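Each structure below is given as structure tokens.
Okay, so chain A shows up in both of these, paired with chain B first and chain C after.
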Partner chain A sequence: MITEDMKIAMQGILPSLIATCDADGIPNIAVISQTYYIDKDHVAISHQFFNKTIRNIQSNPHVCLMIIHPSEVAMWMLHATHSHAENEGELFDQMVMQLEAIASMIGMEGVFKLQAAEVFNVDSVEFR
Partner chain B sequence: MLLPNQLKQFLLEPRFYWMATRNQDFICEIHRVLGVQVAGTDILRIFIYQGTASRTKENLLANKLIAFSVTSGFTFESYQIKGKLLEIRPVNEEEEVLMKNYIVEMDKMLVALGYSVSGVLTETLYTPAWSVEFSIEQVFDQTPKVGTGKLLTSV
Partner chain C sequence: MEKVEAQNTPSEKRLLERLERRNREMRILKSIASKINASFDLNFTLHTLLQHLDEFFGFKHSMVLLTSAGDPFLTVYASHGYTEGGTGAKVRIGKGVVGIVAQHRKMLNVPNITTRLTYLNPVTSNLDSVEHEITLRLPGLRNPKSQAAFPLLVQNELVGVLAVESEEPRIYDSNDEEIMCMIAEQAAMAIHKTRLYEAEHTRNKEILEMNETLSSLYLQQQETLNLFMKYVPEPVVKKSLRTKSESMFDGELLNIAVLFCDIRDFTHTSETLSPNQVVTLLNVYYRHMSIVIGRYEGVINQFVGDEIFVTFGAPIGIINCEEKAVRCALGMMEQLQIMNEELLACLKVQIKIGIGINYGPVIAGNLGTVDRIEYSVTGDTVNTGKRIETLTKERPDTVLVSESIHEKVKDLFSFTPWEPVEVKGKGEKVAVYEVERLMGL
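Now for the complex of A and B:
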């Protein structure tokens, strides 16, 4: 489902977006520094600050993600369903490293702290 | 007045603009926004390309709910503005010019940031477009920092 072309849009060079919806149906949109490629059917996002996003995911696991290619500015919209959170292990450690690299790149060292890797099953992908 | 003057000023510069809507099953849809105008006290007008906005338009007409995001490419200062649809209609000539100018300015900004080569955005399809006017109900600070997401103003 996730192609090679899309992987560069997941390196954190340009931020991604996540939209969630709470139990009352109010949409919420947030900028996220990292959409992490796990395999062709799974991605993870870094849980840092976005308490509202996390609360929404707990009541409604369906999310919409937008990832952006940094040089071509091509965009893909992913619909995905939350699977689980990881706060230790290989995936978590890899995301910590990538997050540190992103923070360094944009001058935000010390601002980003990974709380958890939120893992999603990708349900569909659309080129935008 | 829900929209602080500082934020009005912030919206005048070329920024990353996005919007989210949701359908009857509470599934969200993100859409790129290609320009914004302050249309009145606590009213914003945003512009989106029709070619990719069929579900966004359906969602807006069904439930009127909008979450709009604005982010600075230089500082990552970010805000989310939530509101309700007042009107959706085709853009007029003046608004088309505003969209074109926005795309040109964003292209320059991406080059300045080192993300892309000049001209990559100028091929962006933007007409025909919808003008989406909505009333502001809540404004949130979303700048990356501890404690972000704070509600700044609400009705």
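Now for the complex of A and C:
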């Protein structure tokens, strides 16, 4: 479902957008630095703070992710459903490393703690 | 060929393209592997590696950082594509992309550093200060947009990190990652190999140098020992060398024979000679007597002026020490004839000697301090031995023995008993016997 071009769009050269909804149906859109590619049917986002996005997916697991290719300016809309959270394993470790590497560059190592990797099933992809 | 390609569906075409790309990469990989493995020179290996990464994969900026035991930093050993070399620059393990890779021993690809920094730092709204802070003290780019780093592992041990970066938001795709992981594996082995070789080389050199030092020390020691043995009896030296230093000063009670030999009327004789001649005389005397003493396993304990003090049975025990002492004395009397001929020829003098022998218990051991020690034999047996020798003053060229010696060897030699004589320091009179020279020989 996810193609090579989309993988590039997910690396965060241009940030992705995630749209969620709370129990009352009030939408929320947030900018996320990176969408992690797991396999062609799964992606993940990092959960660092207990923010609105995380709260929302706990009451409504359906999300929309918009990813943008940096050079071709192509956009895709991913319709996805929250599957589970991981706080150990290969995916979690990779995300921790990403976070630590960046944080340590500005002398803020240990400040940002990855709570979990939030894993989503990609239900459908819409090319814009 | 063209016809065949024309018949391919688009998906088949893509597959063929991917296969073609993979084939090309494998060929390059093989070529890089063989090149970096061809040399034992670490510098050459690393620079070749980085050059090839640029040439074949377009990684314009790259570096290899290596660990060293116990160091919390990685050190830049080679870099490629920077205006400043930066060799020797250090990165703390756990800091930045390279440091995190070293810490976790897993590859890391950060394609969007600048963007991500702004997300992580919501407090610092001023982007300039963020960018200022991310300037790494490395040969690295001032403002890298993307970095990827690969751990160099040999049997799970981290030897270093291979890092590539770009000022463009360059994308390292999963294929790049895979290839780089394979190259990193090859590079790790090559680095490990050159390091082993270098360590071995250094070790060999050290061993060679150590060998030279040791053999020169050995020669020196041998010379010292040879000189030393002229001053200290050889058996004493050898025994001391075998003894642990802490037991060096342990005394022991031994039953031995002691022999004293003196030149009669030496003071008078020496008055007629120059100091040089006196030394010549003594040396001739010592030399001749030493030959005989050695023959009967006697150990010269001391030369004091014209006196020679010999022990039989210390420091090394010998069998029949009483008999050997007497035979030695008779041998010395024999040797005296030969010696006198030599003295007559060179100094126009002749000498007479007297010998006293005693047998009994003595305290033997090293006396002195750690710095200066002397193998010493003391006790009444020694004192009496010396007194008996003094009795020969009136009768030069005689060998006198004590009762204890006589008792042991009376069947081997003929003796003439003297009247028991008073000996200084002894309450009772002491029995002494003169050895009949002709009988014992």
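Criterion: the second predicted complex is superposed on the first by the 110 of 128 C-alpha atoms of A that agree within 3 Å, B and C clash if a C-alpha of one lies under 4 Å from a C-alpha of the other, contacts with A are read in each partner's own complex, and residues count from 1 in each chain.
Criterion: contacts are C-beta pairs under 8 Å (C-beta built on N, C-alpha and C of every residue); 3 or more make two chains touch, one makes a residue touch a chain.
As the structure is a prediction and not an experimental result, all values here were calculated from the model.
Participant: Tell me which partner touches more residues of chain A in the superposed arrangement, chain B or chain C.
Facilitator: Comparing chain B with chain C, the partner touching more chain A residues is B.
Participant: Taking the superposition on A as described, I'd like to know which of chain B and chain C A:Q34 touches: first, second, both or neither.
Facilitator: second
Participant: Quick one: is A:M1 in contact with chain B, with chain C, with both, or with neither? Answer first, second, both or neither.
Facilitator: neither
Participant: Between chain B (first) and chain C (second), which, if any, makes contact with A:L91: first, second, both or neither?
Facilitator: So A:L91 meets neither chain B nor chain C here.
Participant: State whether A:Q11 touches chain B only (first), chain C only (second), both chains, or neither.
Facilitator: A:Q11 sits against chain C, while chain B stays out of touch.
Participant: Can A:I54 be said to touch chain B (first), chain C (second), both, or neither?
Facilitator: A:I54: touches no partner chain.
Participant: In the superposed arrangement, which partner chain does A:V125 touch: chain B (first), chain C (second), both, or neither?
Facilitator: neither
Participant: Is A:F112 touching the first partner chain B, the second partner chain C, both, or neither of them?
Facilitator: After superposition on chain A, A:F112 lies in contact with both partners, chain B and chain C.
Participant: Where does A:S104 make contact in the superposed view: on chain B (first), on chain C (second), on both, or on neither?
Facilitator: In the superposition, A:S104 contacts chain C only.
Participant: Using the superposition on A, tell me which residues of chain A are in contact with chain B and, in the other complex, with chain C.
Facilitator: Dual-contact residues (chain A): 13-15, 31, 33, 70, 106, 108, 112.
Participant: How about chain C: which of its residues touch chain A in the complex?
Facilitator: Per the stated touch rule, the residues are 94-97, 99-101, 103-104, 106, 108, 110-113, 115-117, 119-121, 124, 130, 133-134, 136, 169, 171, 173-174.
Participant: Which of the residues in chain B come into contact with chain A in the complex?
Facilitator: Touch list, chain B to chain A: 16, 18-22, 25-30, 32, 52, 63, 65-69, 71, 76, 78, 80, 82, 110, 115-117, 120-121, 124, 142, 144-149.
Participant: Of all residues in chain A, which touch chain B in the complex?
Facilitator: It is residues 13-15, 17, 19-21, 25-31, 33, 48-52, 60, 62-66, 70-73, 75, 77, 79, 106, 108, 111-112, 128 of chain A that touch chain B.
Participant: Per the contact definition, I'd like the list of chain A residues that touch chain C in the complex.
Facilitator: By the definition above, chain A touches chain C via 4, 7-8, 11-15, 31, 33-34, 70, 93-94, 96-109, 112.
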